[in-house]
Structures are given as C-alpha cells and as structure tokens.
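Quick one: this structure, given as structure tokens, is what I'll be asking you about.
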C-alpha cells in the first residue's frame, strides 16, 4: 500500500487538470439564465467525515443546483411521511431519459424513481401536502440552509420564473400523474414549489456541506445532529447510485463508483459513504445531461483516493 | 461501536431463521428440472477475504446457477476482448423485464447491459468468436472450475436440453440481434453455448468460492492469482449493483446494499467489496424473478455485519 | 337482386330491435353530466342524398357529441389553412388508445391523426390561431349551426366545465405538444376551445343533417352550397374510416364498412359516400369507448341497405 | 357529369406518364434478387367486373409479389378455419413499422393484423396446421394458380432461399409468437412456407386476374365460381384499406381511396369494390416501403375513373 494521498493536493491537482481541458461539453441553453453561465467555470469541494475541507477552483461561486435539489426534497419527504412515500413513486432505474412520459403511461402514473422529473414532482407534492406553495417552499429552503449551515442560501427567482415559463414538459408530466390521482395538491401549487426548489443557487462549498449527513449515516458529523435515520441515509445513497444520473446512471456507477446526483446546471453531489461529501461543478454537459468535466473529475478523485464503493 | 459479530454465528442464525419462514415465493416452473426442486431448500455460504468460510443450511447442494453464470461469462469476455465488448452491449439498467425485446427495437439491437438475456447472449457470442460451440463451452466450464477451485463442477445436460427446447423467447432475442448484425456467429452456435452455461450446477460453497476475486480487486485472495484487472473487478461489481436483479435491481440496492446477481434457479451471488464473497440459495422467487428468501437473508446479513456499501 | 329496401322501414326495424336488446355497454362515468344519461336511449336518423329523412327512436333528443365534433373542426381547419394543417398532425391510424401519450414522445409531439385527442387539440389550435377563445368557439358553433341548418344548437356549459375540471390527461397532452412547439396559442386558450366544442349538444337529426356534405362530395345536397372541396370531403371520409374509432377503427371498418366517427357520449356519425349521412346514438360504450348498440345498428343498416364501401 | 372515361386510354396515359417520371423511390436491396430488378420497370393492369382488361407498360413481366401474397393466404386461411383465425391475429392497424416486435410484447404475442409480418406468419401457421411444409406450400401455390387462372405461376426459389438466409427478424417474430403459444407448428415449418409464398412471382396481369373475386363480392366474375363468402370478401377489403400499406396505410387511403396491399417487390394489388381489380408494379419504394410510382399511378387512376370508395 502506498501512503494515503493528501486530500487537498489531490483536489488542487484535479482542479488544475480540469481547468486545462478543452473538452467541456455543452452548457444547457433552454433558459437564458443557464445559457449565460461561464463554460470555463470549474469548482470542487470535498469535506471528509473528520471535517477536513479541501477546495479547488471556483468553489464559492453559486450555481443553479437544479435536480440536485431532488436529493434533499427526497430526504425531507421521507422524514415527513416515511415509507408511505413509496406508494406514489418507485425505486427502480428508469431506462429512459429524465423527462420521458412513456414509462408513466405503462405504469399508470407512478414514476419509476424520485430522481426523474415525474418522480421529483411526486415527492414535491408530498411535501406540499395541503399547505400553501409559499410555506412548502419556505420549509425546503430552511432545510437547505440548516444542513448547509448557511442562512444566505437563496432561490434564484429569475431561474424559477424562466423554468415556469418554459416548462411545458413538466406541466405535462404533472397533469398526467394528476389524471391517475398520484398528486394530491393542485398541479400549479406542486409545480410552483418544484420549479422554485430546482432554482436554489449554491456553491460547491455549500453543497458539499449540505451532503455531509449522507456520508455519515444520516448524522451531521460536525454537530452530531441526526438529519435522517441511518437506514434512510443508506437507502438514499442506493437510489443516488442506481438512478442519480438519468440514463447515464450505469455509466457513472461504472466509472466513478460513488452514489451521486447531477443537475443540468452542471453540478454533481457525490457521496463516499463513511468517508466524505463531495460537490463538483462545471457547466458543460454530456449527452445524458450530466456535467462532463464533473464526472471526469469525480472519476479521478475516486481513483486517487481509493474511494470506490466497489472495491479499493 | 459494538464488537464485530462472529460471522459463523450470524450465518447460522440467518439460516435458522430462513428455515422457519413460511413465505418462500414461487419456484420457477417453465422447465420440469427447475420445477421439481425442493422449495424448502436454503443455503448460505460466506467467504471473507481472510479465507474464513461460514456456511449454513444446504450449503453443499448443487443448484442450477442460471443467470449467475452471466457474471462469469462477462468476466471471461472482458478478459478476452476488453472494452471492445461495449460496442455490442451497454452498461445501463434496462427499466424492463429480463426478456424484454422492446428495448432492443428502440436501440437497434444493442442490449442495455450484460445481465438481461439479450445482453448475456451478446456476451456469449463474443466468447464463441469463431470457435465451435463445444470449445467455447469447454472454456467457460474450465474457467468456472478454476475460479471455484473444484474440477467436479458440471453442466446439467437435462436442464440445458429443456431450456433449448422451450427457449423460444431467447431464440427470438438472438435472431433479433442477428438482424442488426450484433452477433457474429451462427445463432444456434451462440444459443447452444448460452443455454449450456446457464445450466451449470453449483453449490453455495462453490459459488462463493468462485466469486472471491470480485471481493478482492480481481485477485484470488487464497493464491494471489489475478483473475481480472482491479479496475475491471470494480466495474463488474458496479454493473451487478445497477443491473444484477432485472427490474428489481433498485430494490436490491435499496434493501441489501451490495452488488449481486440472481438466477431463476434461486441462487444469488453477492459481493461485499474488500470484505467477502457470498452465495445464497432458496428456490422460491419473488415477482421480479429473484430469490425471495435469498434477498431477505442477504438484507439481514448486510445489516448485522455492517457491510452495506452505502454506509456502515 | 332483390328490390331496394325501404329506408324508413329498415330504420324503424333497427330502432325496434335495438330497443329490445339487453346488452347495452357501459355509459361513460368520468363526468356526472354523462353518467346520468338514460342508458336505454337509442336514436337513429338517416338522410339520403335525395333529401329523404328516415328517423327512429330518440331521434330528437340532444346528446353530447364529444369527439364527433372533431370531424367538423377538422373540416373548418382544412378550410382555413388547407394542407398546412398536416405539418402539425399526421393521417395514420395510431394503434393506441385515444388518449395515449406514448406515440407523442416517439414522434416528437406530432399526433398521429386528427381524431385522437392530441390530434384534435392540435387542430383546434389551428382554428384558434391568434384569436380569443370566445371568438374561435363562436366560429365553430356558427359553423355547426350552419351545416346542421339549425341555429338552436348550443354548447352544454355544464359538460364543458366538468371536462375542464377533470381533463388532466388532455392538459398533459396539450402541454406535451407545446413543449415541442406544435401548438401556437396559450395552452389554456386552445384547451378551453377544445373542451367547449366537445360539449356541443345535438340530436341525431341535427347531426345527420350536419354530415350531409361528406356524403355528397363536400356539397350540401339541399342547397348546393359547397362546404369543402370534393377532394377534401373524400379525404375526411378516408380519415374517418382509418382513424374514426380509436383502437376499434379496424373493427368498425371490418363490421360496418363505412367511414364514421364516434364520441364518448354514445353518438356515431357515419357516411355512406354518394348515398347518405347517418347519425346513431346509444350511450352505452364498448371496451374501445365506442357506442355498443350504435355500432351494431350501423352494421345492420349497412347490410340491409347494401351500403358497405367494400362491396355491395 | 362528364362521360365515363375510356379505361384503356386512362391506363395507357398513366403508364406513359409514369415512364417519364424521374422520382422512382429506392429499390429494395436487402436481398440480391430484389436489388437487381430494373428500377425503370412499370406495369399496370386493370380488369373490370365486366371482364374488360386494360394493360399498360410491363404488364406481363413477373415480379416478386412478396407481401401481396398475404391477401391470398388470409383468404385461404379464412376459408379453412373461418373466424377462429381471429383468435391468433387482430384486425386493427398497427401504428408501427411492418416488422416491429414492440406491439407483440405489449399484446402478448398476438399480432395486430394479418398484414404485418408477424400477423402473416400467424396466418401461414394456420394454413400449415399439422401438414408438411411442402403440402401447405403446394396448396397455396395451387390456389394462386387457380384464382389467377394460370398454372404457370411459380415460386422463385432463389428469392425464397435468400429470404430464408437473411430473414433473422422474421425468425425472431415467429419464435417470439411461439413463446406465447400463438403458433401451433414447428417454427421452421411455418417460416419455410412463409418465405416461399412471399417469393411467388407474378405479372400485373396475373395479379389483377387473381384479385377479381375481391372486386366482385367473393366471386370470380368470369366463371361465377365463389372463392369466399361475400361478407368475407368485403371484410378482406376492409383490412386491406386499414392495414394494407404498413405505416403508410392512412396515407394510401387518404390519397388513393381504395383497398390495397403492397409488397416490397414494388407491386400493389388494389380493389375498386363492385368495379375492378387492379395491379400495378414499379420497384422503387417510398419511405414506408410501398411502391412510390405505384401509389401515384393508383391515385391518378382512381381520380380519373371516379373510383374512390370515399365519394365519386
């Protein structure tokens, strides 16, 4: 065995390497707020279970976390209604693009997992649960601020408004589920909350901080506060591994070997269970809609740190 | 932290508990050889990386490994042609039953992963690769005997003959791929080898022995012999986790938290990376075609040993 | 050849026979206004190209024409924008239920034909075409009154309101098409008009009168007024034959042998080209959502009159 | 009304026009025997119910009738087992390409109609029905010779051999149906007969002669011999109209307005019920696999003769 590599050195090296690469994928362009992001940006933050923080690149620049928010709404919904959540959403990989409606027709409105859009809308509906959208959204935002230990985290209203204006596919998905009685609340209530929580802006540092409980059996390693039961933390990690990257989830497991969740804003939250919470950000996406350099950086990180859950 | 539980005690306890359960799932009946297996049978063998063997129940009764053979043909094919294998088969979960042909039409004959039937046939075709079926099959059998360290392992010809006589769906899958030029060899050559390697009979002890290299970075922990590159061992584990249980793969990851591969004969091979190789067998199947008690036993084992890859 | 049967005798006989049958299918129940219709009702009106009118049963009771309105909005849209309509909707049978969204995903938001819900929404959007919903709806209603020669035809606002309140599936279809830019107008404009034109209430007499132009090469046989070009009338008939009864279109062609369009209110408009316009109504539906007795009555009528377009 | 056009003049004019067109579609190339056919060939023969024959172009050149044979095997199978045939094959348009296997999975092995490949294989299986392939094939060939009034009609063995050698997709379809018990005979028996009857070679003159019974209520107009019951002739025409041109059936009904069946050899048999049997041949195909000029010629013929079943 070689001596354990120094985490900050590894993170700095990777950030340097990524900065020099020319292949950066394609920045999402379906809303202007995402399209105008700097394609050269790259950030990486790793927080280990001992509280050591290693940061590289644009580690404090906020970006739109988009679908990464689905990890946290899943956590919140499980905390609220527990396993009843699984009556309205499955836990299987989908074998379809993130916004496919075909699977919903075959399975009578029950989305395959909480990380495809339909599934995340169903999870959001469980959080709304009879409340006004504003209250539900406030709950989600406060939860994010709490676990990221940073009350300055905000929703980017311009992003939310753009999503709401152009999100016809999501409106279709939500109404389709509503036609099967999978949603309890008015469609526009649930979608309003959904579009807004996807528009939360966070930096890599904030995101890695927020993910710590998943690397530490559901508990904030700094404060000892229990965010979710250990069993649930494990299971959220399992869903991240099998479903976290849309139709590229198998590829991510194969190459990176960590549970992770990507967003179309170019961020990825990855968890090394028992070891560390990791956030990476690079806005250019690959064909499956996952951060191109983000995935490459995580592959390098896992390899150098020996963190793959599939053998080290 | 509580003291580490004693492996043999845990295994014996689980075997006892399983023996007493009434819910046993449904034994496969599509061929008489599987239908007549004793539904009460249960076996469990764990071999850790230090070479300790813990056995419970019918640990030395041979059973038809069926789809578990796909893990070993994948290993063999990767050893032979390396990453060229991925030109003919993908690495993504399928979101469909194991014998679905729909996905093949949408993706022009390329199976989604090596563990659905179509994918395993494509992998087998890579092993046949211009040879006579008898030779290819001999290679596979010798490989199994070698890694299981037991030259007595045999193919059950009656099972193979029954599969061949009734396997119209697999004949359809193979011809469908052939129509897209995904198979190189005559369809009946490849299918002959496929039906036979699925009919290999092994006990839990033999199977757990054969899986050791996947728990030990590709290397036989007893002899030090390298079966596959460490990188490949990790990646085979990743595919087992995301695709190893057909349309119940997400559920298995969620509950058990280990890479695994099930067979319709009621066996499951599971890997605790860096820790142990595990084989369990109980012939009754759940709705997804995976061993009902096998999955429950593995869930109990992972929990008591703290082996989940998603946090311990 | 036997002498031509007397049309009124045939119609009366069929109405009598239908009144006595016990098998009446299931009345639609998804909105209360349809559910409370008398399941015993039956009406049949035939108007031949010489202007003879034969009526039987409840021939003057208004019912909700529902999807039959799609024939008339198709006519109106073709009159307005001609073959440009076919850029946004196809002309092929769908091989799927009337409200399937799967086909839309495969064909990027272009509905297969104007008679599935998605297609009819796309056609309605072409009629709205920048106008206010109220104006577009007024145009459709006036067109119906004009061709049915009866200014008393009205929209049933209670039906329209119920449809709008419960039509989540249609909202999904419309938003899905909007996400592919297949619709030009705000989704709620187009859907408002769609839900209202489906809620037009007409009697068999009014409906048969309105259909005369399709039996007479596009021209009102009474006034000589040209409603659509002869070529277009033929083609609307062709689409009615291949697509007029959802996933029972082949069955209808096979048994009845006439172009026709059914509605979930239990009405069917059928055309014997060159001979007659026919309206039948019986609220009980078969498994495909088409009027059970309506189809049987039309089969009897075609047979006795020798009107099948497939040979007489 | 203008005076009735002279049939021979119309046919000659159309043949001349077609000869001069440059757009000829793409000749099928999947087997060498079809690929080497002269792309410039064009033939048209019309036989009206009074026995008048009008011929133009290459009216006596034999070509591979391919899927057109499905009309005749359907006729033969209905004559043998009557409506029991519909237990194994449906009568609805498919909304999918001719060789799609997706629909078969959704509907558990029952093909949607007798004119997609799977359906025609199921129909052929009903003809084989316990006999040796050679006998079944002899029956089919004799039936063709009888209704075409020409004992010289032969099977092109080279075409049949090529189809058999390359027809992996059809082998897949047949085995897939066999896995659902939809086929009674050994798969290779049924497929052998299927590949051979698709390889029957006929000229336009022979084909139009063979189709007369469909234009004349099931009866040979020359001899008065009843080939099928009138009801069945009508219904075969209905299936030709809704399903005769694969995923271009709606388009054919819309433009031509006659029941018809196309083959990948470039032939089309069309029926003007009560009026005439028509055969056209031009080897270049359109995107849906139907004869490009054949369809255009039929559209011109129907228009000039006023033969559309949708209004004249």
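In order of appearance the chains are A, B, C and D, and numbering begins at 1 in each one.
One rule holds in what follows: a residue touches a chain if its C-beta (ideal position, glycine included) is under 8 Å from a C-beta of that chain, and two chains touch if they have at least 3 such contacts.
None of the values given here were measured: they were computed from a predicted structure.
Student: Quick one: point me to the chain whose Cα centre is farthest from that of chain D.
Tutor: Farthest from chain D by mean C-alpha position: A.
Student: So how far apart, in whole Å, are chain B and chain C when each is placed at the average of its C-alpha atoms?
Tutor: Inter-chain centre distance comes to 56 Å.
Student: Rounded to a whole Å, what is the gap between the Cα centroids of chain B and chain D?
Tutor: It comes to 48 Å between the two C-alpha centres.
Student: Take the average of all CA coordinates in chain A, do the same for chain B, and state the distance between these two points in whole angstrom.
Tutor: Roughly 32 Å, centre to centre.
Student: Which residues belonging to chain B are in contact with no fewer than two other chains?
Tutor: Where chain B is concerned, no single residue meets two or more other chains.
Student: Pull out all the chain pairs that touch, please.
Tutor: Per the contact definition above, the touching pairs are A-B, A-C, B-D, C-D.
Student: Sort out for me which residues of chain A touch chain C in the complex.
Tutor: For chain A paired with chain C, touching residues are 100-102, 104-106, 168-169, 171-176, 178-179, 187.
Student: Where on chain C is chain D touching in the complex?
Tutor: Chain C residues touching chain D: 90-96, 103, 112-113, 214-217, 230, 233-235, 237-239, 241-243, 247-251, 253-254, 257, 259, 273-274, 308-312.
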